[in-house]
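Chain nomenclature is as follows: A, B, C and D, assigned in order of appearance, with residue numbering initiated at 1 for each chain independently.
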Amino acid sequence: MSITYLEAIREAQARALAEDDRVFIYGQDVGAFGGAFKATKNLAREFPGRVIDSPISEDAMLGLAVGAAIGGMRPIIEVQFADFSTVGFNQMVNQAGTHYWRTGMPCPITLRLPCGGTSGSGPFHSQSMEAIYAHYPGLVVMTPATVADAYHMLLDAVKIDDPVVFCEHKLLYYHLKGDLGSGDRLAVGKARIARVGRDLSIVTYGAMVHEATKAAEELAGEGIEAEVVDLRTVKPLDTDCIIASVARTGRLLCVGEAYPWGGVTAEVVARVAGEGFNFLDAPPMRLNAKDTPVPYHPDLWAVHRPSARSIADSARRLVQM
Amino acid sequence: MSITYLEAIREAQARALAEDDRVFIYGQDVGAFGGAFKATKNLAREFPGRVIDSPISEDAMLGLAVGAAIGGMRPIIEVQFADFSTVGFNQMVNQAGTHYWRTGMPCPITLRLPCGGTSGSGPFHSQSMEAIYAHYPGLVVMTPATVADAYHMLLDAVKIDDPVVFCEHKLLYYHLKGDLGSGDRLAVGKARIARVGRDLSIVTYGAMVHEATKAAEELAGEGIEAEVVDLRTVKPLDTDCIIASVARTGRLLCVGEAYPWGGVTAEVVARVAGEGFNFLDAPPMRLNAKDTPVPYHPDLWAVHRPSARSIADSARRLVQM
Amino acid sequence: MAFVEAEPTIELLSVKALRFMLVSRVLDDKFASLYRMGKIHGGVFLSRGQEALSVASALSLQPGDLYAPLIRDTAGRLAFGESLLDPIRTYLGSALGPMRGRDGNVHWGHPRLGMYAMISHLGAMISVVSGGLLAHRLQGRRSTVGLSSVGDGATSTGAFHEALNQAAVEQLPLVLVVANNCYAYSTPNNRQFACKSLVDRAVGYGVKGVEFDGTDLETCLRELGSAAARARSGQGPQLMIANLLRLCGHGEHDDASYVDPNLKTSQVGRDCLEVAIRKLVDSKTVTAEDVALWKSRAIDDVERAVAQGQREPGPDPYREDWSALSTEALVERNWPQ
Amino acid sequence: MAFVEAEPTIELLSVKALRFMLVSRVLDDKFASLYRMGKIHGGVFLSRGQEALSVASALSLQPGDLYAPLIRDTAGRLAFGESLLDPIRTYLGSALGPMRGRDGNVHWGHPRLGMYAMISHLGAMISVVSGGLLAHRLQGRRSTVGLSSVGDGATSTGAFHEALNQAAVEQLPLVLVVANNCYAYSTPNNRQFACKSLVDRAVGYGVKGVEFDGTDLETCLRELGSAAARARSGQGPQLMIANLLRLCGHGEHDDASYVDPNLKTSQVGRDCLEVAIRKLVDSKTVTAEDVALWKSRAIDDVERAVAQGQREPGPDPYREDWSALSTEALVERNWPQ
C-alpha cells in the first residue's frame, strides 16, 4: 500500500500511541485540529487525553517534555515549523542533551521538526536545523528521506532512550509516496546506499536524496554512474558506510540543503578527508544552499538550494578532476 | 604598556563610547557593577546613561539591540556567559542576521559573548558558541586570541555595519597580558600566522592559539616546526591564508575547543580538502573537545578540551603520516 | 492629540479610517481570489474582522513614530502611509517591492520609515520597537511613540513577556496592542491562557492596561489615541487588549471550521467594517453612496495595482548578489556552487 | 496537611526546619571557608538568609512529590531527604557524588527521586517540573505536587512566563516559589521589574498568588504548607512571593557592596535563622542549649562529611566513557583525539 511521507508520520505516531502507554503528543494545534500539516489528524480522537494542544511556548513545550521524559513518559513534541525551534532550542540542547551525561538518567524525547524549503515559504518557514542540533552532545538527529524511513525511524526515535531531533522534510510531506517496506530494516544510525554507482559518491540526506537520485539518473544517460548515499541519521554519522562508498568510487560530492558554513557537508567531507584520504582520487566537493536566508520567490528559491541540475553539474566537474 | 585581554576589552569599549555617540552598552549588571567579569568597569560613570543594566531577558536584550541598531545606534550587548545566549539566539540569527538581506538596511550590533572553558566552570559556563552563530547567514563571528586583537577587533566589530558575534575567551581574561600593538593592523576577516613553521600547519583560534603555540614550542625541541594559523575571525574564514599555509607545510591539523560535530574544524578541513587537496601530503587532522558537555572537575576538563599536549601528540602523528 | 477629545475630529478620523478599512477589505478579497487561482506563492493571511483595530493603531501614531505591524495589519500599514503596491508586490514577489521577492506574504516593512518588517517568530518584534524607542531617547528625540501589534497567541511567548517587562523597566513609550481574536490558529483562548482577561496582565508589569471592543471603530480610535497620548506624555507602556474575532481562516488554506458558532453571533463576532459603515451612515457622517463610491474606487485601485504587480518582473536569481552582509569585503564568494 | 492547622504540629515542624537551617548555615560557612582556602573548583553560592523559605518549601512536600531547588536551596535539598554528603561531594568534585564530578557547585540533583538537577539557565526548570506533573497525571497519579524555586531575577525570563502560563492552562499542581531577595546579582528590583509586587503577576496568569515574609520561618511553613495543600486539592498553580534579602554575595567572589544599607536594617534584612531561634526559644519550644547542641552536632557532621568528601577520589578522565548518549550503539568513538 502506497502512502505519503506525511501519512507515514501520522501512522507511526498512531502506532507508537497504540503500542506504548508512555507516549503522548504535545504541540500547537496538534489536538482536534490535527496539526498545521495534519500529521496528527484524528489522533486526539483515537487517543483521548494523549494528544495535547500547547500554548505558543516552545521553551515551555520542550521543558515540559524533559520533565515528562524523566517522569517515565515518551513525549513527542511537534514544533509547527523547525524555524520556530530556535526559541525552544535551549531546553533541547542544555536540558535534554545534557541530562543523561550529568545525571545518568536518560531523557527520551522525540522532537518533530517540519524542516526544509518549499516554494514560497520564505526565510522563516524553510530552515534546515540539523546542523545546529547535531553540534551539541547528547542528541540524535534523524533526517528521513523516504516514506518507509519516515515511518520506521519515527518509531525508532520514540523507542530509543535518548532525545531525538526528527527532521521531517516538508517538501516530501504530500509529494512523496511509497510503501512502508517490509522485512529487514536498517539499524538506527546506519546510512543506506540509495543507488549503486561506480564513478562518484553523492552523499546526502532528506529531500536532497531525491534531487541526487534524479541527478544520478540524468548522469547515467551520459555514462556517469553515481552512487547515492542516504545518510538517514546525521548524528551519529555512519562514517563507515560513507567511506566504503568513497573507497569504491574514489570521488565524493556531499550535498545538503542547509546553509553552507559548517553543518553536515562540512562534517562529512572532514571525516572522509581525515579517515578516507587515500581513497580520494579527486578533491571532495560540497554543495549547499547559498549563504543567505531562504528566499520567498520560487525563482530565487530554486537557485538558493541545490537541485538535480546543480548536483549533476557538480558531479560532471568532479568526475573530470 | 602591557594590559590584560579583559582590560583590552574594557578599553576598546571606553574608546568606542568616547569616539562614537551612537555606541551604548546593554547587559546584565554592566552598569554601576561593571559586569560579571568587570569588562565594563567604571564605564557607567564615565559615560552616564550609556551603559545600561538589563533585566534577565536575553531575547529582549537582543531584540532591543536590533531596534536600536536600525534606529541609528551601535549597541554592544554583553551576555553574561556565552552559554546563556541560547535564549537570545533567535533574535540574533533570525532578526539581526536576516535584516540586511531582507530589507537592505544594515543592523550593526556587537554581541559580546564570554566564551570557552575555564577550570571548574562546568557544562553551563564554559561553552563555545561560534559554530552555532557562524552557521547562519548574515553574521560575522570573531574569535580574538590576543590582547591586541581583543582590543582592535572589538573596535572593528562596533564599526562594521553588520551584526558581529564577538567571542571573547574567558580563560584569557586575566591571564593573558600583552600590548595593543601599533602600526598596521590586519583587516577584518583576515587570519594571522602566529608562528612560522615548515612541517605542518596548526590552524586554530581563541584560547587554543596559545595551546597550539605551546605545542609548537615543544615540537620545535624535537625538530618539528609547526606553523600556527590564528583564524581571528571564523566567519568569514580566511581560506586563502589557511590554504597558503598548508601549501607551504603540506599538512593540516585543525584545532578547536568546541564540540566535535561540525563547527570550525569541520569547515576548515572541508575547505582545505576541497580547495587545497593537492597541497596535502597527508590526511588533514582535527582535534576538538569531546562529544559531551564540558565537565566541571578540572581533571575531566583538562582532558575534555584539546591541550598543548594533545595537540603535540596529534602533530607528531601527523608528521609521520 | 486633540482629535480624541473633540467630536468633529473623531468623525473625520473615522471617515479616514473607514476608507483604509475598505481598501484593506477589498485587497483581502483580491488576495483570497488570487490564492484560489493559484497565483500566489505560499500562504495568504487576511485581516478580516481586524481592520478597525489595525487602522486605529496606525492612526494613533504621528510622523516619526515607530510601528511594528503583524500578520493581520494590512489596514494599519496602509494608514501608516505605505502604498497599496507594497503588499501586492510582496505577495506577488515583485522585484520592485519592498522585499524584492526575498521575503513574502505578510513579511514586509520599511524600517527606514519606522515600519518594521516582521519576522515570523511570534512576540519577537516587541523588543525591536523598544530598541527603536531607546535609540530615540538616547538621541534626545523624546516624543516618539512605538506601537507593536500581536495576537492573543503571541502573549504566550517568552519574547512577549521579556519585552513588555523590559519596556516597563525602561518606561518606554510603547503601545502594545493585542488583537485577541479568540484563536491562535485553531487554539482557543482557554488553551492559551487561564486568566480572565489578558488585561489582567498589565498590573503584573506595572503598566496601564485597557480592554476594549475591537469591533467598534470609534472605540478603537479613542482608546488607541488615548494610549498613544499617554505613552507620549511619559506614562510608560500601554497594554491594549482588543476583543474581536478573526473572520477568516488562519490562512486561506484553513476553513476555520473549529470556530465556535456562538462566538460568531456574539459581540466579538461582529464585522467591524459593517459596524463602522452602519454607524457612520446612521449618524449621517457619510452616506451609503459615499461608501459605495469609495468601495468601487478601492476595487479599481486594487485591480490596477494588482495588474501592475503582475506585470512587474520577479527577482532574477542570476543577478542577485546572494549576500547577507552589507560589508562587501566580508562576503565569501568562494563556496563551491 | 493537618500540620499547618494545629499549633503543636507547626511547632514540631519548626523544630525540624530549624535543624535543617542550622546544618545548611554551617555548611555554607564551611563552603565559604573552603573557597577562601582555594579548595573548591569554581564558584561558591550560598543560601544565607534564605534558609527558612528553602526548608519550608521542601517540608511542604510529601513523598513522591517533585522538587526543583535552585541556587540557594541547600536547606531545602537537605530537608527533601538528601544526604549531607551530596552537596559536599558535588562541590568537591567527588566521583562518588550525584554528579560524579561532571557537574558541580549548585548543579546537583537526584531526578530518580524527584529532585531535579538544575541547569544554570534561569527559569528553565519550571516547565520541567510541569512535565513531571503532567507525567504523573497521565499515569493516574493525581495527588503529586511539584515545587519549583526561582529568584526575583528569574521572573524576567521568557522561560518563567511560558512555564507559569503553561501550568495555569493545564491547571497543574505547581507551587512556584519566588525568593525575592531584592537583587539579581547586582541588579536591584527596580531594574528588574516595574510592578509594585511580583505577586501582582498572579492574576495575569489566572493563578493564586501570595506574598509573604520570607524571613519568618513559621510564616514560610504556613504559607507553603497551604499552597501545597491547595495545589494538591486541584486548585492549580500557586505563585508564592517571599520577601527577604540575600545575606551574602551573589557568589563568594562578590562582596555585595552594592546592597542598599537601608535594606539590611529593614524587615527583609533580618536573618531568618536568628529570627527563628529567637522565636522558638522565646516561645520555649526549644532552649538555647538545644540550639547550641544541634549547631555543634551540625558542625561535627559537616566536618566529618567534608573530610570524607576530601578523601574521596575525583573522576578519572581515562576511565570515563565520554558518552553523552545512553544508547551505546549510537555513541561515536571514532573522532580523532
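The definition used in the following text is that contacts are C-beta pairs under 8 Å (C-beta built on N, C-alpha and C of every residue); 3 or more make two chains touch, one makes a residue touch a chain.
Quantities reported herein were computed from a predicted structural model and do not represent experimental measurements.
**Q** Following contacts chain by chain, what is the lowest number of steps it takes to reach chain C starting at chain A?
**A** 1
**Q** Hey, which chain ends up farthest from chain B, C-alpha centres compared?
**A** So the chain farthest away from chain B turns out to be C.
**Q** Any idea how many Å lie between the Cα centroids of chain B and chain C?
**A** Computed from C-alpha means, the inter-chain centre distance equals 40 Å.
**Q** What whole-Å value do you get for the distance between chain B and chain D if each is reduced to the mean of its CA atoms?
**A** 36
**Q** Could you tell me the distance, in whole angstrom, between the mean C-alpha positions of chain A and chain B?
**A** Using C-alpha averages as centres, the distance is 30 Å.
**Q** Distance from the CA centroid of chain C to that of chain D, rounded to the nearest Å?
**A** Inter-chain centre distance comes to 44 Å.
**Q** Two-or-more-chain contact residues of chain D, please, as numbers and ranges.
**A** 99, 102-103, 107, 119, 121, 156-159, 162, 165-166, 169, 191-193, 323-324, 332, 336
**Q** Which chain A residues sit where two or more other chains touch them?
**A** Residues 54-55, 57, 59, 83, 86-87, 90, 94, 97-98, 101-102, 123-124, 137-138, 237, 274-275, 285-286, 291-293 of chain A touch two or more partner chains.
**Q** Hey, how would you classify the chain contact layout here, line, ring, star, complete or other?
**A** Complete.
**Q** Can you list the residues on chain A that touch chain D in the complex?
**A** Residue positions touching the partner: 24, 49-50, 54-55, 57-73, 75, 87, 90-91, 94-95, 97-106, 137-138, 140, 160-162, 187-189, 236-237, 239, 274-275.
**Q** Of all residues in chain C, which touch chain D in the complex?
**A** Spelled out, the residues of chain C in touch with chain D are 156-162, 165-166, 168-169, 171, 190-196, 198, 200-207, 236.
**Q** In their shared complex, at which residues does chain B touch chain A?
**A** Result: residues 59, 83, 86-87, 89-90, 93-94, 97-98, 101-102, 123-124, 131-132, 134-138, 235, 237, 258-259, 261-267, 269-270, 272-275, 277-278, 280, 282-286, 291-293 of chain B touch chain A.
**Q** Which part of chain A faces chain C closely enough to touch in the complex?
**A** Within the complex, chain A contacts chain C at residues 28-29, 32-33, 36, 53-57, 59, 81, 83-84, 86-87, 119-125, 260, 285-288, 290-293, 295-300, 302-304, 310, 314.
**Q** Which bits of chain C are touching chain B when the two form their complex?
**A** 66, 98-100, 102-103, 107, 109-112, 116-117, 119, 121, 124-136, 138-139, 158-159, 162-163, 165-166, 169, 323-327, 329-332, 334, 336
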